[in-house]
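So, here come the structures, one by one.
You will see two complexes here that share chain A, one where it goes with chain B and one where it goes with chain C.
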Partner chain A sequence: MRRPAAVTTPPVTPRRSRRWTPWLYLLPALALLITFTYVPVGNMVFYSFHTWDGLDVTMEPAGVDNYVRVLTDERYWRVFLISGYYFVASFAQIAIALYFAVILSFNTRFRNLFKGILFFPYLLNGVAVGFVFLYLFQPDGTLDTVLRWVGLGEHTRYWLGDPDIANISLAGTSVWRFTGLSFVLFLGAIQSIPGEIYEAAEIDGANRWHQVRHIIVPGIRRIISLSFILAISGSLSVFEIPFIMTGGANGTRTFVVQAYETAFQFRQIGLASAMAVVLLLVVLLITWVQRRIVPDEEVTLS
Partner chain B sequence: MTKAAKYLSLILASLIVLVPLVVVFFAAFKTHAEYNATGPLTPPRNWLNVDNFVTAWTEGRMLLGFWNTTVILVISLTGTIVVGTLAAYAVSRFDFPFKRLVLGSFLVAALVPGVTTQVATYQIVKSMGLVNTPGSAIVLFLGTDIISIYIFIQFMQSIPPSLDQAAMMDGASRFTVYRRIILPLMKPAIATVAIIKGIAIYNEFYIPFLYLRSPDLSVISTALFRFKGPYGAQWETIAACTMIVILPTIVAFLLLQRFIYNGITAGATK
Partner chain C sequence: MADRRTFIGIGAAVVLALGTGCTGGAGEEEPADFSGEVTGAITVLTNRTDLATTALPEYAKKFEAKYPGTKVTFEPVTNYEGDVTTQLSSGEYGDVLLIPNTVAVDQLGQFFEPLGSVADLKSTYRFADEKAFDGQVYGLSIGGVANGLVVNKRVWAQAGITAPPKTPEEFLAGLKAVAGATEAIPFYTNYKDGWPLSFFNSQRAILGDPAANETFPADPSPWQPGKIQHITDGLLFDIVKNKLNEPDPLTTNWEGSKPMIATGKVASMLLGSWAVPQMREAATAAGADPQDIVFWPFPYQTKGTFHARIEGDYKAAVSRTSKNKATAKAWLEWFVNESGFAADQQSIPPAVGQELPAVLKDFQATGVELMELPAAVKNSGKEDEIIKASEIDLTGNIYRQKLIDIARGAAKGDKESYFAELNERWGAAQSQVMR
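This part shows the complex of A and B:
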C-alpha cells in the first residue's frame, strides 16, 4: 500500500522501488551465472543428443548414440580408467599432507620456513610445473642422475615415454603440485582446535599419538572428507599436467584431454558434450553422496 | 616419533620440493655447450650469464605476455569485486522472494567443474564474437566466479546491520550504504578474493589457450607453452623462460604469505 505523499513518513520508508531493488544488485552476477554456467550446461545436454561439428547451422538428431559410444567404445571409456592413477596418487597426497600438518602443528624449529616450502608448489603456474617436470624426467635428466647417485642406476627408464610408467610419473607430478594445498588446509583446521583440549589431554596422561588419534583426526574430519571429494572430482577432471607434458601420448590421455580433442580438434561437439555430461553427472553424484555421509553443518547461508 | 626422524622427513620433503626447481634455475644460466657437457645437478660456471633470459624474454615475447596477463587480471579482478559485492549486498541485506533459490543456484554452480562445460561455453563466447579477444577471458573469469561471491556473503553477514540502519535513518540511500559503509568495511574480504583470484588468473592455462589463440594475445601461461615448440631442443632457454614465469610468484609469496594462507583456506573450504 502506498501512502499519500502528504503524510509525514517515518525515517526508514519502504520505497516504491523496494520490491525490485535487490534484483538490481543481483542482476550482473545472475546474468553471468546464467550465461556462462547454466546455459552452457543446458546446451551441452542438448548437443549431446545430436551430431554437430560446431559450424553447421543445422544439427542431426542422434538419439542416445553419443552416450552409447562414450560408454561402449573402448577409446572413450578407457580414458576414465586413467583417472585411477591420479585417484590413488591423491591418497598419497592426503597422507603426506596430513603427516606434515600434524608434525608442524607441534613445536618445530624453522616451522614457517618448512610450511612455506611445502606449500609453495601449489602457487606455481601449471605450465611452469609441467616444464620443470619434463626437465626432471628427461633421459639422463635430474631424476636419473639422482638415482645413479644413490646407487639405483639400473632403475632409470623413459619416465614419460614408457606407457607402463608414464601415468605414474604424471600422477607423481600432480602430488608434487597439490600436496601443499591439502597440507595448508589440514594445518589450518588443526590450529583451529582450541589449545586447552591438548592441555587437558596431557593432564589425563595422553601421549602425542593419543592426541593425534583422539583430538586431531576427529577435529579435522570435515576437511579430510572435503579433501577426498576434491581428490575424486580432481582426478576425474585432470587436464593440465598430461596435456602440457605429454599431450596425451603414451597412454596418458585423460578424460578431459580426450574431450578437448574430440571437441576442438575433431569437431565432434555432440560426442564431446556426451562425455562432458557423463563426467558432470559422476562428479555431482559423488558430491551428493559425500554431503549425505558427512553433513555440512557449517554452511550458514541466508 | 623421535626428533631426528621428524626433521629428517621435513628436510627430505623440502629437497623433493626444491631440487626440481633448483636444477631448472641452474640450467637457465648455462650456455648451450655447457648444458650439453654438464649434469643437471652441476651449478652453472657463470652466474652472470643472462643470455638465456634475454633470448627467452625477447623471443618468447614475455613482455607482451605480462602485459596481456596484467590487463586481463586487473579488469577481471575489478569486475569480480564489483559484481560479487553487489550480489552479496542483495543477499545479506534484503529479503526477497526466491532468495533461497538464487542462493542454491550459486551453490550448485560451484560444483560444476569448469573444464567440463567448455565444449558448450565456447559456442556461447563465439556467438558473442569474443573469441580471440581479451574480452573472452575477462567474461569467463567473471562468470565462473562463485567462490568470491560466497566469501563476500559470509564476510558481509559479520557486519552489523545496525550500521546500515543508522545510515538510512540519516537519509542515506541503499546504494550510498553499499558504497560508503559496506564496501570500505569489506576490505579484508576484498583482499582475500583479490589474492586467490589473482593467483588463479595468473596461472590459468585452459581458458587463454582455448580462447586467445592469436600469438598477439598470449598471456604468461600460453606464452610459455608456445615457447616450447621452436625451442624444444634448447632446454637452457626453456629453463630461463620457466624461471621468468615463476619469479613473480616467488615475490608475491614472500610479500603476501599470511594473506595467501588465509585466502586459500577461506576459498577452498567454502
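This part shows the complex of A and C:
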C-alpha cells in the first residue's frame, strides 16, 4: 500500500500532493462504482454481441443479430406495452403522494404517525409485498371479504385470473408500494421551503389553496419532474411484482420478466443482454426527451 | 416502481460467472483417470435438503464402513438448478453432484468425468444414455420415475369410473362425470407454480415408439393433429376449455394441492410416480385414506396398450475438478447400486434387475407397458437447441400457461391458431438448428 504523498513529503511538492489528495478520498467510492456498475454494464454490452448460454467456455460472436431480433420480433417489443399500465398508475401514485405530502406538511394532528404509515410500504421487501397481495387477491381472499362486508359483494372477481383486471391489480400493488417513496421526496422538498414565505403569504391574505398553488407546487417543481423520470424508467422496468405474483403469466409479462426468462429459462444470455441494453437506451432517450420538453429551470420563489 | 438495479444485479452475477468461468474447463480429450486409492474426504452436493441431515448421513456411514478412511460430507443446495449452475462456472462444485438440467449434453465433458461407454453401461444401468454425449456416459441416475396421472380413486368411483380411461375423449367424459357427481375439481393444473405443467411433456412414450426422441427434432411441426404435442397439449387445452380445471388458475399452490387431492377436493393431476408417496403422506396427515391415491396411465392407447415413459430423475456425476476421483466414483457406484436409496424413495432402482417399488407394480398390473425412451444419438442436443432458439419451453410452463389462458378465454386465439403459431415458431427454429 502506498502512503499518501502529503504525509511523507509535505514541504517539497505541495502542489502535486494537493492534486492527488482528492482522488485518494474518492478512490473507495470509485473502485466500488467501477467494479459493481461500469464493469458489469460493459460486460453486458459485450455479451449482447455474442451468442452464449452463460455456461459454455466459448462465446460465439453474433454481430448485431441479437439487437435485430429484439427490435423486429413482436414477442420482444410487445411486452413494452404492458408498461403502459404501470405508467398510468404512476400518475395516481404521484397525485396521491403529493396530496398527502401537502396535507402533512401543515400542522395536522398525528402527522408523524401518518407519515410513518404512508412510508411503511416502501420499507417492505418487494417479494414480501408480492406475497401479501397474492393472498389479498385470492378468490375469497381479504379483498373479496372486505368488499362483501361493505355490500359490494357482486363486484368481486378473479383479480389476477381475469386478464382484463390482472395488470390493473398488479399496477395497484405497485402504487401501494412506491407511493411512500414519492411522498417522502415531496415532503422533504416542501419542508425545505422557508417558513417566512408562508407567513408573508398569509399576511397578504392567501388561503391554503393559494399557498399550495403558488408556493408549494412551483417550489417543488424539480422534485415533481424527477418523480416523472423515475416513474417512466420505473414503469419500463417493472419486475418483482409481476414476477412474484403471476410469474408473467396471463398477459402480465413485462419487458424485464421477458428478459429474465430469456436469460435464465432459455439460457440466451446474449439476447437477454441485448434486451437490457435496449431498455437502458430507451430509458435514456425518454429521459432526454422529457428534459427537452420540460426544461429544468432554476426555481425562484421571489 | 421497480428499479433498474435488477439488471445490474443480473449483470454482476453474469460477470462473476464469466470471470471465473474461463478457468473452469480444460481440454476435453484426456481420458478419465479414476486410479488411486479409495480413501480421503469427498463432498457431495444434493438437492434433498430434507434428507441432508437425516437419511443421507446414514448412507454415508455405511459407505465409510465399507471403505475405511473415507469421509463423505453433504452440501445441501436449496435452489439446486440455479445455484449449482453458477457454481459450475466457478470450478468449485464438490466431488459428486447431480447434473443440473441447464448443462447441455455437448457441455457435459467440460464439467464432468466420463464414467464409461453407453454400450458398456447400458446392460448394467437403466437410463444410462440420458446424460451421455458421443457415446460416453457422464451421469448415472439415482432413481427413476414413471409418468402418468395421480388420481383420487374414491372421487372417480363416485362418478362411476373405476378403470383408467383409454382415450382423451373418455378421460374428458370422465372429468365431466366427476364435475357432475361430486364437488371436486376434476383436474388441477397447478398453473401458478408452473412446473407441474411440464409433465405434459413427459408423455412421449404413449405412441409406443422407442425412437421418439430421435425423430422428434426432425419434425418441423409437432403440433399437427395426430402428433404427440397435439395429443398432450390438446388434452390440456380441452380440459381447460370445458372448465374442468380449477376456477382461478392464477392462485394455485402446489403445497396446498397435496391435501386437496388427498381429501378428494381434487380428482386428478398429471405428475409422476414420485408424487404418489407425497400425496399419500398428505392423506395420512389429513385423516383421509392414503389408499385412495393411485397412479393411472395417460389416457391414450397404442395398439390396445397403455405405454408410460419411465425416466431417470437427476443423474449423479463425478466432478471434473475433483481432487479425489477414485473415492468419488466409488461413492457414486455404491450409492446407485447398493445404498438402497431408490427403494427407500419408492423410485425405480437404476441397476438393471432390481425390483420395482410397490406403487409401480400396481401400476404395471393395470396393463401398462413401462417404456424407457433412449436419448437421441444422431440428433443429440438438437431438441434443446430448438427450444432455446424458438423460446417454446417444451420442458417448462411458459407456453403452456399461454395455452391455458387461450383455452379459458383470457387471451386471444383458439386451439387451431395457437397450435399453428407454435408449429410456425418451432419450424422456423428447427430449420435453423437442423440445417
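Following the convention adopted for this analysis, the second predicted complex is superposed on the first by the 253 of 302 C-alpha atoms of A that agree within 3 Å, B and C clash if a C-alpha of one lies under 4 Å from a C-alpha of the other, contacts with A are read in each partner's own complex, and residues count from 1 in each chain.
By definition in this document, a residue touches a chain if its C-beta (ideal position, glycine included) is under 8 Å from a C-beta of that chain, and two chains touch if they have at least 3 such contacts.
Keep in mind it's a predicted model, so treat the numbers as computed, not measured.
When the two complexes are overlaid on their common chain A, residue A:241 makes contact with chain C while staying clear of chain B. Once the two complexes are laid over each other on the shared chain, residue contacts for A:86 go to chain C alone; chain B is not touched. In the superposition on chain A, contact of A:43 is made with both chain B and chain C. One of chain B and chain C touches more residues of chain A, and that partner is B. Of the two partner chains placed by the overlay, only chain B lies in contact with A:223; chain C stays clear of it.
Once chain A of one complex is fitted onto chain A of the other, the partner contacts of A:153 are absent, as it touches neither chain B nor chain C. In the superposition on chain A, A:194 makes contact with neither chain B nor chain C. By the touch criterion stated above, A:261 is placed in contact with chain C alone, chain B being left untouched.
Of the two partner chains placed around the shared chain by superposition, chain C is the only one that A:231 touches, whereas chain B remains out of contact.
Of the two partner chains, chain C is the only one touched by A:166; chain B is not.
For the contact definition in use here, the residues of chain A common to its chain B contact set and its chain C contact set are 36-37, 39-41, 43-44, 47, 54, 126, 138, 141, 230, 233, 237, 239-240, 256, 259-260, 263-264, 269, 272-273, 276, 279-280, 283. Those residues of chain B whose C-beta lies close enough to touch chain A in the complex are 1, 6-7, 9-10, 13-14, 16-21, 23-24, 27, 39-41, 82-84, 86-87, 89-91, 94, 96, 99-100, 102-103, 105-107, 109, 111-113, 115-124, 139-140, 142-144, 146, 149, 153, 157, 165, 168-169, 174, 178, 199, 202-203, 205-206, 210, 220-222, 224-225, 228, 235, 238-239, 242, 245-246, 249-250, 252-253, 257, 260-261, 264-265, 268-269.
Put simply, chain A touches chain B in their complex at residues 11-12, 19, 21-26, 28-30, 32-33, 35-41, 43-44, 47, 54, 96, 99-100, 103-104, 108-109, 114, 116-128, 131-133, 135-136, 138, 141-142, 145-146, 176, 181, 184-185, 188, 208, 223, 226, 230, 233, 237, 239-240, 244, 256, 259-260, 263-264, 269, 272-273, 276, 279-280, 283-284, 287, 300-302.
Interface residues of chain C facing chain A in the complex, by the touch rule stated above, are 1-4, 6-8, 10-12, 14-15, 17-18, 21-22, 24-25, 82, 85, 88-89, 102-104, 107, 110, 191-192, 194, 247-251, 387-388, 391, 393, 396, 398, 401-402, 405, 410-411. Note for the complex: chain A touches chain C at residues 36-37, 39-41, 43-44, 47, 53-57, 75, 86, 90, 126, 134, 137-139, 141, 158, 160-163, 166, 174, 178, 230-231, 233-235, 237-241, 246-251, 256, 259-269, 272-273, 276, 279-280, 283.
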